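Quick heads-up: structures coming right below.
One chain, chain A, links the two complexes that follow: it is found with chain B in the first and with chain C in the second.
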Partner chain A sequence: MIGFAVSAAAPFFYRRFPGYFGWIAVSFPLFLFFSFTSFYPRIAAGEVLRETVFWVPSLGINLSFLLDGLSFTFALIITLIGAAVFLYAGTYMKHYGHASRFFVYIGLFMTSMLGLVLSDNIAAMFVFWELTGISSFLLIGFSHHKEQSRKSAMQALLVTGGGGLALLAGLILLYGISGTFEFSGLYPKRHLIVNSPLYPAATVLVMLGAFTKSAQFPFHFWLPNAMEAPTPVSAYLHSATMVKAGIYLLARMNHVLGGTALWQDTLLVVGAVTMVCSALLAFNQTDLKKLLAYSTLSVLGTLTMMIGIGSELAIKAFFIYLIAHSLYKGTLFLVAGTIDHAAGSRDTGVLGGLGRAMPFTMATAMLASFSMMGVIPLVGFIGKETLYASILEMEEWSRYLIAAAVIANGLLVMITLVAGIRPFFGSMRRLPSVPHEAPFAMLAGPACLAVLGLLAGLFPDFFMGAMLDWLASSVLADTLTFRIKLWHGFNEVLFLSFLTLLCGMLFYAARIKLLPCLHGRHITPVLKPSSWYDAALAGMLRVARWQTRILQNGSLRNYITVIVLTAVTLAVSVLAGSFSAFPEIPALDVTFYEVVIVSIILVSILVLITSSSRLKAVIALGVTGFSTGIIFILYSAPDLALTTFAIETLGVILFVLVLYRLPRFTSYSTTASRARDAAIACVFGIFMALMVLYTVSGELDSGLKRYFAGASLPEGKGRNIVNVILVDFRAIDTLGEITVLAVAAIGVFAMLKLTLKGGSR
Partner chain B sequence: MTLLLAIVTGSLYAAGIFLILRRNMVKVIFGLILLGHAANLLIFTVGRLTKGIPAFVPEGSDMLTGRFADPLPQALILTAIVIGFGVQAFTIVLFKRTWLTLGTEDLDMMKTTDEPPKE
Partner chain C sequence: MYSIILATASRYLLLLLQMFSLFLLFRGHNEPGGGFVGGLVAAAAYALYFIANGIAEAEKLLQIDPFYLIAAGLLLAVSSTMPSLAAGMNVMTGIWFDTGTALFGKVGTPLLFDTGVYFLVLGVTLEIIFSLAEGDLQ
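On to the complex of A and B.
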């Protein structure tokens, strides 16, 4: 919660210390990081920490937080990478406008992401889930003056938001089955959930949410497009943390939903397909960040696949791989940003020979690259080794998966060679700007992460060994006994690692040969899910436009027709039940002059409708008004009659004055449309007449009538009760009425007297 | 008389709706005014008709008793008449202005804010 306040405060600090803001900002995630590490001994002892703040207790929605191995790992990654990125961004974002806004967004993101992984309550987790989506939207669209930025941001929001809706539905189904909103409450009910008839639906919906968030095939297309965001964002959200939210959810739910063929096989297949496809898609990319994005996709696929394998070893590999990936990919992205910053280009075809100008950046990039390639002795090596081992351990499919994994990892090696190493060697080309070494603040973060990757590789026991057991136990039910080591000796896993590196070299060589041929050609235009997305979006807009044309066509007549018919239909359908009999027709006790008055009104209405002379129509209108006044006189309403007379007189004068010079009526409508309108009008008229009869057939007991009769003189000091009501009991109302008149008068005056500049006649 | 007034009210509504559905803007204004009359008569009739006994407190007495016309609907109608006049005056002048600016009284020609194509 404090996070939101801190991120809101960011702009004030930024304005005060623009130069050193990165150093101030970094203190926040760093502080969180260390406060999380202080929990380490307790987590390592297998303890699960909980804290609950009541939010909507009546619905079982509370802000309850859970700190176990899984959330602990994610929290550490988030805060650690966060610290590096904050520090980096303090310098990097200087040449962007609105940098303070950037820190608000990214602070918001970090807080939501922490909330997401720490929440024990499903509903609260979902809220944080959506918050990360929103902050991601804001960050991708940060350069909102670029169309591509806005489009990518929208795409990311729609895809992840759509998945979020599916997730919400899935979570509600889970709640329906189990009756609890807490993750910790779901675990004991696993049996109930898995055997429920709603289980497949809930599982598929939850997986949809996770797949869109973590950009699994076929929802992967938004992630490369999200590279429009400033580089720190790509490093933080779109490789190290947010895209792993889906993976986190899958790991978290593995306890509850896992163990079935549906869950394991789907994850396995989707993960494997994503792993291979996205690595292949990277083949003809030349943009540094896009290359890295495709490799991130591939890794996300691998992670999903490992949950799908679901064995103890696989879960262990999952964690090592997760940590390793966050460390090296965050670094590589930041390095890519540095290169972009220094050399002014991200095109791998142009970059080269930067090593001499930027030695420290090169060293950092090397470390991260070797980790990504899985070279001894970095942490990436252990990750890959464990991955291979866990695949080999499988009974079926092992052969295919290992081939897929080797190819995908080989392609990753290729990507690394292209994106992480190639830019620093070779001959220097002509670049948009002269490369220079990055400032310390932009170097410190990535360098720390890279060195951590090395240390974690060299001393795996110290960094991860103790953690891993209870890490895995938070995903699987039982505890594990497996020690990780850097060196396992010469076995087939090591052989596979070498094979992978070899493959990578071959791919790299092939790429150099093939790239000129592929240049400017689309490889898979038909099978591109992003074109499905475009088509769906265009279709939706078309539907929206079509229905707007039907409903909001700008024609007054259509609106009124719809309103009248709807009102009549609804009222009739409701009232038809409550009134059984036709209204009692009151006796016709009329005098001669009443009949005359009524006839006059009816005749003048007829004249008004049919007249083709404007003057005649105005007279008929006046006659109608005056006759109404006479009815008021007859039935004890002298004030009304006086007002009506006065106003009708004014109205007729106004009409004559304004309309005098106009030509005769032109008739625009056809006979058919008149007949249709007449039918509508008659239906409404008959309906209203019946309403009157229904209403007067009942009793009316108005206490107000007696009240006003009694209170008028003592309280209002007036004998004319109608007047007293107007100026005394309802004085505010009358004041409003006067105001309306005044406004109308001003409008009239303005329209009559003021002429537009040079415009009107 | 209630029956007759119900018929008159219904006719006024029908005529008002019919006129408001026209394309000619002047007729739409007539329709608007007729609808105003119709609503006033509706409230008046529904508030029960009382012949010849206006709601005045007689001299020498401090309250009104017995049978008399309900003052509340009348007060409401009075407000409505005045507001109706405001609307009427405004629309008439608005129409005049539209006529002067656009040179048409056909509502179908006023669907868009774009300039009409010049021929």
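On to the complex of A and C.
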């Protein structure tokens, strides 16, 4: 909540202090970071903190928050990287228009991401999940004047949004099985869930949601395209946080859904395939950010795979790898942004020799690159070691997986060489702009992250050691102990690390040779999932157009015919069985003025349908309406009467206004169609009359009337029952209705203005 | 067609009708009335003024784009659901501050909600009328 308020306030601050905005903005995530770290002792002691704010308790949907090892780690990553990115963006975004808007979006994103990882309630988590998707859409499409970025934003939204729908279905199934919306309530019901016949469906749906969000194969294509976003966004959303939401969900659900062949094997296979494929796809990329994006994909695959392995060691490796990756990848993205900013290009073929001009950037990039390659004193090394160890520990598949992991990591080393190190060495080429060192604000963030990566590697015990056991136990059910160290001695694992580095060098050498051959060659479209996406999108549009032609053909008369006939048919088919006898018509004592009013209505209707002038018809319609209003008064429904009068008045005014723009009144309809319409109208009229008679004669007292009449004054504090129902008891319905009204007004506005423009041309 | 009688009368009628619409809004909780009818009556008042004086005058009188009225109404209605959340109750639970204010009758979040409805209905109606009327001028 506070987060949303703060992000809404961002533009005002920005306008006041444009120069120092980064420094002001950074205080927010930093504050959050430190307030989260203050929970460290309690988390490390294995405590689970919970906090609940009631939202819609009648449906079991509450804003309940849970802080355990898993969400704690994510919260720290989000706020820490957030701080670095905010500071960086304060300077970087100056060159974009609407930078204040940017901070609103990214603040919104950070808040929803925090909400996502802290939510204990599945429904609340889903809301935050979608919010991250929407803010990501806004951020990717930030340069909305470029077609490419609009397209990428749409693609990301559709892919993750589609996954979100699958996730929603999966979560609802889970709720159906377990009857609870809380994660903490799901944990004890694991057996019930796993043995349920709906389990496979729920699992697959949840996994679909997670895979699309975390860009797992075959949904990986949106992530590299999302690199259209400004660099701070790529650093924050598309490497460190949002794409990890899927991973988070998998880790969170591991308790509930895990342990079955379906869960473990699918994750294992999908993760491994993503890990290798995306690293391979990076082979012929030349754009700095795209290279990094493919490497992120590969790491995401690795993380998924480790949940799939699911052993204690693997979960531990998962956490170390997660932290390490967030630290170095955030840094590298920011560095890429700095290079782009300073040198005016992101093409690795052009960049070179920047080290002399930007020494501090280079140092930062080196640290992060070594961490990514898994060179010894850095945290990335520990991550890779633990990963290999956990794979070697497996019984089956170990050999294939280790080969896959070595190849993938070798390719990562290659990417690092190309993207993180190469630009700083070699000879300087001609660049679009003269490279210069970045300002301090753009250096501080990435440098801090890189140094943290080094420190965490040197003193793992201090940074993660004590916590890791509890982290792992928040994903696995039981507690465990395991010490992490930088140096394990000469063993198989270390050998693998060296092998990886060696592979990386070889790939790098091969890349230089092969790149010219690959240039200009296309992968067959069948193998590219992004072309499936295009085809699916085109197909959907075709179906939509076809459907619009059939159902929404623009003829008001057809709409009404369809609506009336459907209503009558449905109601009759349902009610035909329950009411067999013709209702008896209650004895009526008709008064004189009632007869008068009814005859007025009848006469005006006759005028209405026979009139040859529009104005006459409109007035006749108005008379009918007002007479109906009088009937409401007679039967003591003053609220309805008031509303009817007001609506009729405005209706006549609107009609008159519309009349101006209509063509001359001619009889469009043939006699046959008129007869048909008359028949439909008669059927509807008879139907309504019968309905009323049934309602009056039958015993349909549902107790609602008595309840509202009784509760209106004591609970709603009002004597006007209709109004109390509208604004209090059924306020959510009213809210929905007025929202529809607002949308309709926008629609009318758009329609009128657009046709006007079209007409004037 | 410009009628000086109607134009003059509409000025006073506008004020009267607006007061009446507010009256309807505030009494709505106990007597017939409410935000919806109130909004419609207020819109009718402007519609009368527009018929008498023309669209340009009516827009000048209103001063703001009806879209802002729509947005403000929706925002008001939504935000009226929040105080109960802050007070630790379910969303949309009505909170009453004082159940005997002289002018407004009863003050509470439902009244705020109703006011939101009032503005939204006013805004929607005026938006449609103005869009249609502007088209006629061109």
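Here is the rule we use: the second predicted complex is superposed on the first by the 549 of 761 C-alpha atoms of A that agree within 3 Å, B and C clash if a C-alpha of one lies under 4 Å from a C-alpha of the other, contacts with A are read in each partner's own complex, and residues count from 1 in each chain.
Methods note: contacts are C-beta pairs under 8 Å (C-beta built on N, C-alpha and C of every residue); 3 or more make two chains touch, one makes a residue touch a chain.
This structure is a prediction, so every number in the text was calculated from the model and none was measured.
Participant: On the A-aligned overlay, A:Phe34 touches which partner chain: chain B = first, chain C = second, or both, or neither?
Facilitator: Neither partner.
Participant: Tell me the contact category for A:Ile653 with respect to chain B and chain C: first, second, both or neither.
Facilitator: Touch partner of A:Ile653: chain C, not chain B.
Participant: Go through the superposed model and pick first if A:Thr561 touches only chain B, second if only chain C, both, or neither.
Facilitator: Touch partner of A:Thr561: chain B, not chain C.
Participant: Once chain A of both complexes is superposed, is A:Trp532 in touch with chain B (first), chain C (second), both, or neither?
Facilitator: In the superposed model, A:Trp532 contacts neither chain B nor chain C.
Participant: Using the superposition on chain A described above, determine whether A:Leu752 touches chain B (first), chain C (second), both, or neither.
Facilitator: Both: A:Leu752 reaches chain B and chain C.
Participant: Identify the partner contact of A:Leu735: answer first if only chain B is touched, second if only chain C is, both if each is, neither if none is.
Facilitator: Only chain C is touched by A:Leu735; chain B is not.
Participant: Name the contact category of A:Asp639: first (chain B only), second (chain C only), both, or neither.
Facilitator: both
Participant: Considering only the touch criterion stated at the top, classify A:Phe495 as touching first (chain B), second (chain C), both, or neither.
Facilitator: Touch partners of A:Phe495: none, neither chain B nor chain C.
Participant: Applying the touch criterion given at the start, work out whether A:Tyr400 contacts chain B, chain C, both or neither, answering first, second, both or neither.
Facilitator: neither
Participant: Which chain, chain B or chain C, is in touch with more residues of chain A?
Facilitator: B
Participant: Give me the intersection of chain A's contacts with chain B and its contacts with chain C, in residue numbers.
Facilitator: 638-639, 643, 647, 650, 654, 658, 719-720, 722, 726, 734, 741, 744-745, 748, 752, 760
Participant: Can you check the complex and tell me which residues of chain A touch chain C?
Facilitator: 53-58, 638-639, 642-643, 646-647, 649-650, 653-654, 657-658, 660-661, 716-720, 722-724, 726-728, 731-732, 734-735, 738-739, 741-742, 744-746, 748-749, 752-753, 756, 760
Participant: Within their complex, state which residues of chain A touch chain B.
Facilitator: 554-557, 560-561, 564, 585-586, 588-590, 594-595, 598, 601-602, 605, 608-609, 614, 617, 621, 624-625, 628, 631-632, 634-640, 643-644, 647, 650-651, 654-655, 658-659, 662, 665-669, 677-678, 680-682, 684-693, 695-696, 700, 702, 704-705, 708-710, 712-714, 719-722, 725-726, 730, 733-734, 737, 740-741, 744-745, 747-748, 751-752, 759-761
Participant: Would you pull the chain B residues touching chain A in the complex into a rising list?
Facilitator: 1-24, 26-28, 30, 33-34, 37-38, 40-42, 44-59, 62-65, 68-72, 74-75, 77-79, 81-90, 92-97, 99-101, 105-108, 111-112
Participant: Quick one: which bits of chain C touch chain A in the complex? Just the residue numbers, please.
Facilitator: Its residues touching chain A are 24, 28-37, 40-41, 43-44, 47, 51, 66-67, 70-71, 73-74, 77-78, 81, 85, 88-92, 94, 96, 99, 106, 108, 110-111, 113-114, 116-117, 120-121, 123-125, 127-129, 131-133, 135-136, 138.
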